[in-house]
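Each of the next two complexes has chain A plus one more chain, namely chain B in the first and chain C in the second.
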Partner chain A sequence: MDVVLGIRLKDCTLIATSKSVTRGISVLKEDDDKTRILNEHNLIAFTGEAGDTVQFAEYIQANIQLYSMRENDIELSPKATASFVRNQLATSLRTRKPYQVNVLIGGFDTKTGKPTLNYIDYIGTQAILPYAAHGYAAFYCMSLLDKHYRPEMELNDGLKLLEMSIKELQTRMPMDFKGVIVKVIDKEGIRKIDV
Partner chain B sequence: MSRRYDSRTTIFSPEGRLYQVEYAQEAISQAGTAIGILTTEGVVLACEKKITSKLLDNDGTAEKLYIINDSMIAAVAGMTSDASILVNNARVYGQQYLKTYNESVPCEMLIKKICDIKQGYTQHGGLRPFGVSFIYAGYDDRYEFQLFTSNPSGNYSGWKATSIGANNSAAQTLLKKDYKDDLTLKQGCELAIKILSKTMDSSNLNSEKVEFATLSKGKDGKIIRKIWSDKDIDLLIKETGVLDAKDDE
Partner chain C sequence: MSDPSSINGGSALAMVGKDCVAIACDLRLGSQSLGLANNFEKIFKINDKVMMGLTGLASDVTTLHELFRFKNNLYELREERKIEPSTFANLVSSTLYEKRFGPWFTGPLVAGLDKHNKPFICGFDSIGCIDYAKDFVVSGTASDQLYGMCEGLYQPNLEPEDLFETISQSLLNAVDRDTLSGWGAIVYIITKDKVIKKVLRTRQD
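Now for the complex of A and B:
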């Protein structure tokens, strides 16, 4: 019951992931980071089968970094990154044991100067969205985001909207997910925000 | 003495040379000339067709110019049969990249891939190297219009204007003299025709002996790859007036 949330704002993308790791009825960890930095302007946030998630995210991370090493430090665009991840998941789906991982990719396209948010699930569905969530979080947050989201929102408004979403989740979800880690992707790169 | 080191592609001679690779390069310098010119508005490729016979049933498609993908054209000098293997490889790789990344392959990446294949035959296998040099005209959003050449050794390099094949040093000298950084596509085409008219053996230049291609950007920002029809080539030759100039001499 991980929370993975993403909101694309006017000139940055917000990604929030829950800090808890649970197994059965136990909470194993309460400061987990469910994101990996792919390159300077791309962040992957993941949820799904324990074990598969980190393995997959780090495999993607390694490949995106290998690309930049081979290509004279040129970084892959958010669109290309998302397409690559989708391709990997779609390939994996057709093997004996597919990765059961759903991801959000927050990016900033340095060419067009626009932030992006990509939703990709383990079946290989890819969509560019203004806001997105995986798992149970999606059920509770979509209506809220539908009502309050504006494409021209600044970082502050975005954080307020995110706070509302988290509050809703905390009141409605049956378990404590130990709060969220929030990261921002903008033209300066990727940074963590304290909430 | 050197014969002992000729037969295998993978063996260095005592002077530290790879004879088979050098022979392949020699074979190319006998082949029809191909020249490429980079301009501010696009890239020009022009080739000399060596074999022309009245009996040859040509369906009008170019023999030495190949479309690699949406944003690249290659001109060939050397063995056409070897070239088609590499061109096929390039096309497959181009589509593979498009499939995984949903973006057109960066020019240099594709060229590097083809050169890796070429290099492989200079090191292992004991087979002969590919007897082809290419001139690639390409566009990508990293470096915009680009011009590259590659040779049988697997080396490649980027150019503003270059030539391969027969008389390439003469063509290169002429290019060095007449190339300007602010050339328009039209001026580039004219320069290409002018240089071909000087480096080719035959006196009267016409569409039967020349193949021509341009890569440019349309009004909508789309890349236009054009392999010219005989009619257009003849028109360009006429406009350039290289035939008239010949008469004066």
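Now for the complex of A and C:
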């Protein structure tokens, strides 16, 4: 029941992930970060099968960074990054043991100057969305975001919207997910925000 | 429930008119009951006179779109000409049958005009059996409803404008009876000198 939420705003993308790690009825950790930095302007947030998630995210991270090293410090765009990740998951789906990982990729395209949010599930379904969530969180958040989201929102409006979503999840979800880590991707790069 | 070809939902159809063909699809992308996106187009351009529709598992729709774009590019480089719709249909068929015992979960459609501007449409099952038709072909989660609408509304030799009305009404009324389809629609009319794209206003539930 991990929470992974993303909102694309006017000139940045917000990513929020829950801090709890659970196994069965136990909470094992309450300061977990379910994101990995792929390059200066791309962040991957993930949920899914326990072992697969970190393994997959770090494999992607390594490959994206390898690309930059080989190509003379050229950064892979959000679109290319998302296509690469989708291709990995779609290929993995038809193997003996597919990666069961769902991801959101928050990015900022330095060429076009636009923020992006990519939704990709373990099947390889890819969608570019204004706001997205994986798992049960999506059921509670989407209607709220449908009503309040505006494409021209600035960072602080986005954070208010995020706060509304988290509040809704805290009241409706059966489990305490120990709050969220919020990260912003904009033209300056990736940074953590205290909430 | 966990049938791969009905996880994401979506429908498409193609129709033959007088010296023209039409191909249309809805725009929904879902994850079971949850709607994810209302801009997921399922019709792709192959060249100026050939288009294909891909419904079913969204992952395979994307993968196959990329695969056929790649194969078509190689064809154009090798042959130095545009592919004929019937030739492309056979390319689709053999590509799907390659995965006979672990298929792509899609129901493709091909629509276009051949070198004499004669209309051509066909559909496929997931392992590449070609369904040649001289009137209409349907595909997707609303295929039952689409068959019903097409049987009722279709008539041969329609002009492009009338064909547009017929295919639009067939699609719209079919997807409104399917929970997994809808959320917008797009229609393409292919004539000998141009392709017209029209976005339809639809129910948003």
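We adopt the following convention: the second predicted complex is superposed on the first by the 195 of 195 C-alpha atoms of A that agree within 3 Å, B and C clash if a C-alpha of one lies under 4 Å from a C-alpha of the other, contacts with A are read in each partner's own complex, and residues count from 1 in each chain.
In this text, a contact is a pair of C-beta atoms (placed from the backbone, for glycine too) under 8 Å apart; a residue touches a chain by one contact, two chains touch by 3 or more.
Remember, predicted model here, so these are calculated numbers, not experimental data.
Considered on the superposed chain A, chain B and chain C are sterically compatible, since they fit side by side. Put chain B and chain C next to each other and count what each touches on chain A; the higher total goes to C. Applying the stated contact rule after C-alpha superposition, one finds that A:S77 touches chain B and leaves chain C untouched. Of the two partner chains placed around the shared chain by superposition, neither chain B nor chain C is touched by A:M164.
Within the superposed three-chain model, A:V54 lies out of touch with both chain B and chain C [touch as defined at top].
Contacts of A:K111 after superposition: chain B is touched, whereas chain C is not reached. With the two structures brought together on chain A, the opening angle seen from the C-alpha centre of chain A toward chain B and chain C is 60°, to the nearest 10.
In the superposition on chain A, A:R94 contacts chain C only, with no contact to chain B.
Within the superposed three-chain model, A:F139 lies in touch with chain C and out of touch with chain B [touch as defined at top]. Taking all C-alpha atoms of chain B against all those of chain C in the superposed arrangement, the shortest distance found is 6 Å. Taken together, the chain C residues at the contact with chain A in this complex read 7-8, 29, 31, 34, 36-37, 40, 57-60, 62-63, 102. By the touch criterion given at the top, residues 86, 89-90, 93-94, 119, 121, 123-129, 132, 138-139, 142 of chain A touch chain C in their complex. Against chain A, the residues of chain B that register as touching in their complex are 99-103, 106, 109, 141-142. Within the complex formed with chain B, the chain A residues making contact are 71, 74, 76-77, 79-80, 83-84, 87, 111.
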